[in-house]
Each structure stands twice: as structure tokens, then as C-alpha cells.
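Going in written order, the chains are labelled A, B, C, D, E, F and G, and every chain counts its residues from 1.
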Amino acid sequence: MNCAAIKQKLAASGAESVIETEYARKGFALDVQVAPEHLVAAVSVLDAEGFFIEAVTGVDWLGEQAALRKETEAKAAAEAKVKAEAAAAAGEEAPAVAVHAEQGELPEDVLEAVYDFNHYEYLCRVTIRTRMVRSKPEVPTISQIYPGANWHERETHDFFGIIFVGHPYLVPLLLPEDADYHPLLKDFRP
Amino acid sequence: MSAFAESEAKETFVLNLGPQHPATHGVLRVKLTMDGEYIVEAEPVLGYIHRMHEKMGENRTWAQFLPNTGRMDYLHALAFNHGYVSVVERAAGIEVPERAEYLRVITSELNRVSSHLLWFGAFILDLGGFSPLLYAFDDREHILDLLESVTGSRLTYCYFRFGGVYNDIDGDFVVGARAFIKRLRGRMPMYHNLVTKNIILMKRLREVGPISAEMCRKYGATGPVCRGSGINFDVRKHEPYSIYPEMDFEVPVYEQCDSMARYMVRMDEIEQSLRIVEQALDKLPEGPVMADKVPKIIKPPKGDYYHAVETARGSFGVRVVSDGSNTPYRLKLRSPTYSNLSLYGEACQGMLLPDALALMGSLDLVIPEIDR
Amino acid sequence: MGTQNIQPAIVQFAQLDKLLALGRANSLWPMTFGLACCAIEMMATGASRFDLARFGAEVFRPSPRQCDVMIVAGTISKKMAPAVETLYDQMPEPKWVIAMGNCAISGGPFVFEGQYGIVEGADKLFPVDVFIPGCPPRPEALIEGILELEEKITGSRRWPRVEVG
Amino acid sequence: MYVDPEIIRLLAFLIGVIAFAALNAAYLVWLERKEAAHIQRRIGPKEVGPFGLFQPLVDGIKLMTKQLIVPAGVDPVLFKIAPILVMVPAIMSFVTIPFSDTLVARNLDIGLLAIFAFASVNVLGLLLGAWGSRNKYAVISAARVVSQNVAYEIPMLVTVVTLVMISGTMNLSKIVGLQMGGFWHWNIFNFSASPLMPVAFLIFFVCMLAETNRAPFDMAEAESELVAGAFTEYSGMGFGVFFMGEYANIVIGASVATILFLGGWDCPFGLFPGVHWFLIKMYFLIFTVIWIRWTYPRTTFYGLLNLSWKILIPISFVNLILTSAMLKVF
Amino acid sequence: MIDYLREIISGTWSLFVGLGITIRYFFQPVVTVQYPHETLPMTPRFRGHIELVKDEETGEPKCIVCGMCQKACPSNCITVNGEKREGVKGKVLTEYTLDFTKCSLCGLCVESCTPKAITFSKDYNLAGVRKEAYIFDLKKRLEAKN
Amino acid sequence: MYILVLSNNLQTYLVIGALLFGIGIYGMVQRQTFIGMLISAELILSGASLNFMAFNRFLAPDPTVGQVFTLFIMAIAAAEAAIALSIIIAVYRNYKSIDTEDVVDLQG
Amino acid sequence: MVSLFTVEGLSGLLFFGFMGLTLAGAIVATNARSLIRSVAGLALCFLGVAGLYYYLNSPFVALMQILIYVGAVCVTIIFAVMLAESSELKQITSRNGLVGPLAFLASGILIFALAGLALRTQWRPAPCLVNRGTVENLGQSLLTTYSMSFELISVVLLVAVVGSLVLARAGRDK
């Protein structure tokens, strides 16, 4: 069994994308992006292959959309500039390409849940990511497949407020019992 | 509801172990539901020493997070140093001089020995024996002296830097380390005679606290816990980092799955670590201990990176998400004992209280590392 | 609370008081109570190399009811703070507190803008008698702290001071 | 006013016995701390007085002046009488112990029985104190103590019955009297009565450890499990009295072992018997008790019961039968 | 039956072996260093709190008030202030405060110091009844040392 | 002082025995838990044995008889206590719960 | 006339102590509100009775009293109390107020009658003693005259032990 075979199986389970990363550079072998509804299927594949769970965590991508837009705008502007310069160099009149600023609502920022799996026998660290919008951070639990995920999910809930649907006991683990704040969110203020 | 109907359900009572309790090695709380002296349910309650390491990581520069790594697992601080600097080096593409890697391994392995010695003592203390603790501390002091002469501190080391280590060693250290190895090898038979072969200890640990290999997998247990269950998994062999591929050492694996197996794994690991230190001292190359071209302010390229190291308690992984700035965007610390402890609730069901505490001791808990 | 309001004796015998102070100062039983890294150094202090027992202070009692001094060794998190306070309240008078390590003194390296989890110093919870800075302090410093506490109780120091060159 | 000299003698003995018990308790703590320290290559109490000899005094002063908390929720009456119920029977037992052929407060014909009777009250005190303090750890600990004591009373009494059979009396002085004249007359080496006598001594010693809740059978205050066990809620002198009671019980246990097996005040070489030999033997046994405490880990509760039921009781019965057979034959 | 007896005998033997080991240690010399009477030698690399280094020529602190240590410190325990003075190149140190109660002794400040103006002290046995005593004014300390 | 020789008087013991017996009867009626009744029963038995012992000391020609009887009473009482308690435990196990909610825990 | 400062005098005083202990213990045992205190009272009462036995020239029975009653029976009862204590208090409230006074009256009459009987009867001491009632005599008669009852008692004890074990185990089939 090797990473390529796992990759195929994961792809068959409904993952959005499965990328083989450069292990030496990144530290993990497979980078899998799944939609929340396909998460359980993907994890089941890993369970069947004998993977063990390393960690579950979250990442708050607050401001990512704004940054992305800024980036595309900057890119567009740069392109336009390049074009304009090229045109200028060619002695032509600059084409009237107005920088096309995207208007309208930004897409909502997302939270990302990251699952790390590894295998005891061979080296194939699989990272599964699933993204959900910040206003409705819900993702199915995998604690029925991996009981060890129970605590990891509780911790992630503590820190990011991600709700693991179907989790048997989603109460704060590291924070005080009555904590209702999620300190690792980027907009957290004590 | 009649009184008769609830009779079976309410024959139990709740015993609160901790957060201040001698057996929990710190501030862990375990809510035990007991039926007499039998444990019906155990629920560890964490967070009593949650020190916000992950939040601090996002507030500090990459370099400023270094002292925190020494305070997560204060018993094997250097491995945590190692994990963190390795992931940042991987992210930023920093080459480490060979001598520095050797020093990292030497100090880290000595630190592992000291961690195991302390665990040994504390474990026997849990079981009620007091003197072995102090004998172990006696040996441990020698390691601490050695490490202090290199790093300047006794416990919460902050020795590794991006691209190398902070200080070079001197000849005294090499002599001292060799002398220590000789000394500890001479002491190990004493430990085995005094403790391992003791009938009381054997009765307490044999066939107590079974953790199956499947359970290890489901809970993600690593380190001596999974090696005591017959799983040959050691990050140093599994995904070799630093100079471990060049070292000749074995990974002790025991199949019995009980507390005794975990005990034996750690005792054997002491010997293996001594072997590694010995080899590393033999092969120690000359050269600088710090890479030349380490930028003053580190800004790893965008993306996320992972690096795992083997600490005394298992696989410690750091996942960093960089947004290209001088602070980490997200810093996830995957601590081994967190996973190891998570199986405790299932493992100690139906056990007697003293056995459950022996099992807890055999998991080798360092609470600040669990709570982070 | 704390050491201030010990009931004054009905009849004041200066000599007797001195004897009592001497008795208390030389029989400081600490609580088996470690929070974090400093607890390991506390153990090391009790171990053979440094041997806290020489001052009669090695009787680590697990129950707060039988302790004289609480060595707060480590970070007090907000979740832990009520438990620590309870432990302090459960100790019988006269009682003393030693804050060992920077975390117990002021939160130490874990204080930062926007921290949500720790109490910034044991003295926010109850009066602290002796502070031992360090991260973690060396065992000698803990011994020094015990001696300092003895000095505080009896009013004089019986041991030589160690000058650091 | 006429005062009967017998009363003065009784009073003197009473004071002597109490002083002996208290001093022993205090200095056994010192001995324990020193011995533990040296086993662990430390120094132990040293700074208070020469060799730390004043350490027990300052501990006593401190404990006596310590606030005696009666926590909310405890049963105040039981909480207070429990330490007394532990201490008084211990002192009562001293009354019947012959330290030499003349140095005995009350030479009862059934002195051996008296000691066991008083020892059984000790359990009651512990139980009442634990239940009175309304603490789960204390209650578990007390329950353990009782089951342990019941389990170990059997092999202990069987062994003692064996010795009573050999000696034909329960008078402690007479039991010693029969062993006079050198160590080969001692019951531990009384191979003509039963070849298993050294084993019987070991059984008795183990049972004594268990009855006095000493390591490796210190289930009652198994620190890593039950905090401070039955004494968890006790502070100040309440705890101090329990502590003294414990040590007094050890002294009694060691004395009984000395009397039954080691020839009491008899000299090993048959010369100059006297109280010093008694004390030497007794303190050697106590030294061993402490030595064991600092060497072994603690057994578990069921391990302890297994040991009693599967090993000690069968062997002690074998010894009993063997002895009675040999007594009949020879 | 034979196993039963063998276990009893070997078990008892293991207990006696243990007793033998502890009694041997009982008679061995102690390893204790009696601290207030005798002290351990401190390694030259021991990290106490930081200290200013004196410039041997001028007798003044070497510090050039660049503020690198202040920036490098993870726990913000260093406050450096300086002022321009007539006739002196660069800034002159007026205040160097170390809040030792927040320090984690990581040494990042010492490393970041290009003129090597700070170093670790060897104060290993600090203890006192006042918390404020550990907010050091290092400049004063240096002056007091002279 | 006459009262100091009360101990050498049969009537003293008989009156104490009667008192114990009566108190026991009172407790038997007034108590309504099994354990309370068991305790009262033990008192009654004690009163009876005290009478046996007293008669044995002062009146019996063979002073072992009363002692033997008292010993038998003790043995029976112990057996009775054991049986009664196991019944009580069985009853409580089936009908009541062991409620430890009000056991004050040492917090922390 | 007996002086207080002789052995007899002191022992007479001590006798009062034992008498008081017995009666006080008995009263506590029947009247204490919590069961555990009743057991404590019972233990005190037994200790007092043991003292009385001592005065009745029978130290052996006195010690057996302590060993069996205090050391075994009381401890066993405390064990039962530990398992069942909390439900006791709730019951006490629900009872007919008349039972208490009536019981008091009835037992008062009983005590009065018995004590009267004891005091009025002319007790005749035994003409001569067969033996002195020492431990040896006791043992001899146990193993000769009363050997049958002795054996029967052992059987009863054995049955009691087995029976109580069976009963107590019944609810716990694990």
C-alpha cells in the first residue's frame, strides 16, 4: 500500500481535490480537500486502511476573502500596468482599460477544520481539510469512527467554535466549563 | 418511578481525583464514577494548566515563540525545541550545520533519559515506593548538570535556534557525558533488581491496564504507549529527521499491552538513548553550530508545514500555517500525551482504583503539555 | 485572611511566643501541590542532592489540612484558581504561602496583551509571604525561600547568607 | 492521709507507659525520617538540634499550636473522639507488655488476648473518624483498613495460637520465660515444635505490618490514591494523635513479635538478660519495618487479600497442624 | 503446586534482594550538598537574570540603547531608555529596567545584543518577601557594583 | 464509704442488667430502622449476659457456667449481627439507593 | 469503711465509671439521631460492660467482649450504616408521636419491675465452689461438659458466615 493508492481511494470517496505534496518540503504527503458532507466517507477510507488519527484542528481564515480580492485587484492592476507600459512602449495610445474593481458583497470568510492522519507502518501523512462558512461552522463528527477524535474535536470547538454535528459530548475541554468564547478566532477579544 | 427501578443505576458514587491530587502529577482532574472500588466511568477534565501556547504563537514572532516550547513538556523540553525549530527551518528553508544537528541529538537524547528517569521515579512513587524516585533523581541531577553546562538552564531549555544551536559544547561536556553513560549503565541493574524484579511491582503491573493495538490506533496513541502494545512506531525511524538515520539504535517493542510492557519499553529506551548519545559523541564532526545565512527576521513563505519529532512521550507534531509575515498565522501543537490520555476513559473501565492509577502513571503524563 | 489575623494570645509570654515561632519555623510542612514546571524543581529540592529535609520541611502532606506552607509552583490558570483558593482556605492557621517561579509571582512569560487563561500572580488570590523568582528557580532558591520564610516567622536568620560572586 | 503504695506504683507505671508511648511515637518519626534519608543518601533532619534531634519537639509544638479545624459537614462528636479511641487502646496495650521479668505494669494471665482485644478497638476509632469526617477518600480508606485487618487477623491469630499451644500459656512473661537461655531456645528457632517456625515468624511479621497499616500494606493512607486516607480531614493535633497512635501500634507489634518469637528480654548468648535486650530486639524490628517502608512499592488491595488468603492462611494452618501433630508425637 | 511454591520463594527472594540494595545505600555516604553551608559551583553558562556589562575603559554601561533586546524579548520585560547628550556619540543609557518576574530566561535578548552589552548574572538563589524587589533597575545595580 | 463497694454486690449488676434490658426494649420499639433495632437487640443481649455473669460470680457453685453461657451468647450475637446485616444490605440494595450526595467532599 | 485512696477505693470509683459508661452508652445507642452515633454509643456501652465483667472476676470474658462486640460486631454494624445511613434521617420524621412516650413508659415499668425483683429477692450464695472459674477451668468445661454446645455453636457460626455471604452477594452478579 502506498500513498498513490490511498490517493485514488480518497478521490473516489468524494473528495474535492487530492494533491500529492512534496513531503520533504511540507511534512505531509497528501493534502485532501473535502466538503463537510463527504468528510465521514473520506475518514472511513483512512480508517479502513489502518491509519491513526494524529490531530484535529482549525484555522480561521478571517480576512482571507478580502485579501484574495486585494490580491486579484493588485494582479489585475499590475497586468493593466504591464499592458499599458507595453502599449506605451509600442507607442500606442494606452487602451482604456479601467481597473475592473469587483463590487458587491465579499463571499463570507471560512473556518477550516484540519485533520491529520498517519500510518503506523509506512509514512503517509494525510491532511484532510474541510471548509465551512463562519456564520454556520458545522461539520459532521468523526468520533464514531475514531474515538480519539472526541477530544480533538472538543478542543477545536473550544478554540474555534466549530460545531461537530453528532458529537456525543461537545462541552469545553481546555477552557473552563462555562466558557462561551473561542480564543483562537482572529476576531477574539478577551 | 419506584425506588426499586433506580436501584441499579444509583449504586455508584462520584470520586473527584484532582485537580490537586498526588497521583495526577499536576493539575489534572479525573471524574471517576465508582462502584465500590471499581471504576464504572472515568472522565478526565483538562485545562487546569492551559497556558495559551497556541494563542501566544499567533502573537509573537517566530523566534519569540522559542521559549514556550521549553515549557510545554518541561521534562523533554529539547525535543519540543527540536520539533518547533525543525518545522520553521523546513518552512523557511534553512540549512542546519551538521555539528549543530549532532548537538541537538546528543542533548535531546540526554534529556530523554532524564525524562524517563523522572518518569520511572514518579511512577514508582505512584505505586507507593519512595526510594527509587530519589535514586532516579540522583542520576537525573548528573544529566541536568551536563545540560546546564551547555544550555544554562536546568529544566525549561531554550537551546535550539533556527539554523543551529545557541552554544557549542566543550571537552568537559564530552568527558562528562561519557562518564555519565558509564555511570547509568552501572546503575541500571540496580534499578532492575530493586524495582523491576520486585514481586510486588510485578503483581501490580503484569496484566494490568491493557491497551490493545487497535485502541492505540483509534485514539492515536504514540510513543511508549503504542510500543508497549506491540506497535513498532517511532518517529525517529518512521520519518527520520535530523541525524537519526545515521544512528544505530533499536526501538524496544513489547507485545503484552499491559502497564509492565510500557514500563519495560521506557526502561529499554534509556539504554537505546545512551547508545545514541555514545555514537553521536563518537561521530561528532567539527564545524560551526549555527548556519551563516539565517535571516534576522524570519518570514517563511505562505503555506502550511508539518514536522513531527519523537519525544519521550510520543510523536510531537507542529503544524504551522504561515501567511508570509513575521508571525505565525496558526500554530498547532500536536502533543503526544493528549492523545495518549484520551484513551484513559475507555481503558480503565471496570478497573480497580489502584490499577487505574497505575495505568495513569504508565501513560507518563505531563499535564502542561496536554493542556498547552 | 492570611497570617495577619492569628488570634493574639490571652496572656502574652514573649519567650513562649518565641518558642512557638521557633517550632513553627522549623517544622514547615509543605503541601504536595505542583502546578507546572516549577513543581519538578520542587521535587528536585526534596531529592537527595539538595535535601529539604535538613530543615524539617520534607514532610509533603497531600491533604491541605495538615500543611503549614503552600508552595505555589507554577502557573495558576483561571480554571484552576478557585481550586487553589479552596486549598488555601482548607489549610489551618497559621499558614504561609510561597510563590515559586515567575508564573506564580506575576504570570511570568505567559502574560501578554489579550491573554484569557491565567491569573497574573498568586498574590491576586491570597497573601503571599515569600517570592522566589526564576523560570524555574534553582533548588537553592527554593531552600533560600524556605529560610526566608523562617526568618519572617522568627525574625532572625540562623543560617549564613550565600553571597553570589 | 494514707495512700496505698500500690496506687503509686500503678500511677507511676501509667505515667511511664504514656511517656514511653509518646516518646516512642515522637522519636520513631525522627528515626523514620533519618533512616529514610540515609537509605536515599540524604541527610534528613539536621538543622534543628544535634542530628536534628529536636525535630520531633518542634513538630510537636507546631502541631499543638496549629488550628484544629472541624470542617463544616463533619460529625463533630465522632470527629473528636476518634483520635482518642485510637490512642487509648494503644496505651492500654502497653500495660500488659513485659519489658523484663520485673518491668511490667500488669502481668495478666491472658496478656496476649488483652493486646489483641485492645488492638481491635483501634479499628473502630479509625472507622468512626473516617466516617465522621464525611470524606469519600476517608471512607474508602477506612473500609480498606477494616477488610485488611479482618483478613490479616486470621493468619496472625492462627500463628499466635500455634505459639500458645507450644507455650501452654497466654501470659506474656511466662512465654518469654520458656524461651530463656540463648537464641537456640527462642521460638523462632524452635524446630522441635515445628520446622516451619521461621516461616511462622515471617507470617507474623507480615501480618503485623498489615495490622499496623505499614508499607507495603499501607492501603489506608495510600497517598497516591486516597490523599491522606482516613486522616484527610484532620489537622493539627487531631492528626498528631492519629500519628502517635500509629507509631504506638508499631511499637506494640514489634514488642509482641519480640516476646513471642525472639525471646523477649533474653540475651542471645544466654548471659545477662535484661530490658536492654528487649529494647534492642524491638528497635531492630522497628528499624526493619521502616526499612521495608522505604524499599517496596505498595501492594494493591486485592493483592493484599490474595496474599492473605492464598499464601499466609494456608501456610499458617499447615504450621498449626504440624505443630499440634509434633506436640502429640513428642 | 510447584509453581505456587516457586512463586512464593522467588517472590520472597526478590523482596530480600530489594532490602539488600537499600541497606547498602544506607551505609553509603550521602550525596547532599548542604546548601547554605556549602554551595555547588555554578557553570559559567548559568543563566540568571540579565545584567549590564560595564565598558572597561569608561566605566559606563556598554549599552548603546538600540532597543534590540527590548524588541527581541518575548515577554516584554525589558524597558530601555536613553537620551542624546552633548559630546557623546550615540545615545546614553538613562534607564534599563528588567521585570524579572516576567522573564523566561530564553536568552534572546543577550543574543540580539550586538555590542554584547548585556550578560547573564549568576544570581541563582533569589528569594524575598517583596515582589517589587525583582523589578530590577539594572543601571543602578551596575553602579552599585562598582 | 459504702458506695465504693457497690462492685461487690449482686444487686448492682442485676439493676444495671435490668436497665440495659429496658433501654434495649425501649430502643427496639422506638427505633424503626433495621440497624437501630439490631443495636437495641444487642443491648438486650448484653443485659442478659450481664445477669448471667453476675449470678455466675455470686451464686453459682461452678463459676465457669455463666462464662460459658456468656461466650455462647456472644457467638450467637455475632452470628446474628452478621446475618442481620447481610439481610439489611440485601434489602437496601433492592429498595434503596446508596446516596452519597450529602457526603461532603474535600473540594479540590 | 473504705478509703478512697486505696486500691479498693479507686477500683470502686472506676466501677462507677464503667457503670456510667454502660448506661450512657446504652442511652446514646437508643436515642442518638444519627445511626453512626448510636453505634458509637453501643461501642461505649460494650466497653463499659466489659469493665463490669472484669469486676465479676472474669477478665477473659471481658476481653472477649471487647474483641467480639467492639472489634467485630460494632465494626460490622458501622459497615452496614455506611451503606444505608442517608435514608435513615428521612424516615424519622414520619412516625406516630405516641410511640415514643409509650415505649418510654412501657420500658420504664419493665425496668422498675425487674430492678424491684432484683433488689427484693433474697439471693442465697452458693454453698461451695467447684472451681475458681479461671481460664483453664473455662477451657476444660468448654471441651468436656459443654463440648456438644461448643460444636453446635461452631456450626451455627459457619452457617451464619456462609449465609451472610450468600445474602450479601445476591444482588451483585457481575
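One rule holds for everything that comes next: a residue touches a chain if its C-beta (ideal position, glycine included) is under 8 Å from a C-beta of that chain, and two chains touch if they have at least 3 such contacts.
Everything numeric in this text was worked out from a predicted model, so none of it was measured.
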| request: Taking CA centroids for every chain, report which one is farthest away from chain D. | output: A
| said: Ranking chain pairs by how many C-beta pairs touch, which one is first? | reply: F-G
| message | Measuring between Cα centroids, which chain is at the maximum distance from chain F? | response | A
| Gap in Å, rounded to a whole number, between the CA centres of chain F and chain A | 76
| Cα-centroid distance, chain A relative to chain E, in whole angstrom | 43
| note | Rounded to the nearest Å, the gap separating the Cα centres of chain B and chain E is 25
| Residues of chain C whose C-beta touches two or more other chains | 32, 47-49, 51, 54, 62-63, 79, 83, 87, 90, 109, 112, 114-117, 135, 138, 159
| Which chain E residues touch at least two other chains? | 12, 15, 18, 21-22, 25, 30-32, 34, 74, 104-105
| query | If you look at chain A, which of its residues touch at least two other chains? | reply | 175-176, 183
| task | Spell out the part of chain D that touches chain C in their complex, as residue ranges. | result | 33, 37, 40-48, 52, 54-55, 57-63, 65-69, 71, 223, 227-228, 231-236, 239
| List of chain E residues in touch with chain C within their complex | 30-37, 39-40, 49, 74-76, 99-105, 121-131, 133-134
| request: Under the touch definition given earlier, write down the residues of chain F that touch chain G in their complex. | output: 1, 3-7, 10-27, 29-33, 35-36, 38-40, 42-43, 46, 49-50, 53-54, 56-65, 67-68, 70-72, 74-83, 85-90, 92-94, 96-102
| request: Spell out the part of chain B that touches chain E in their complex, as residue ranges. | output: 60, 63-68, 70-71, 131, 135, 138, 145, 148-153, 156, 158, 161, 166-167, 190, 193-195, 197-200
| Footprint of chain D on chain B - complex, ascending | 13, 15, 21-23, 37, 124-131, 134-135, 138, 194-195, 198, 200-201, 203-204, 352-355, 357
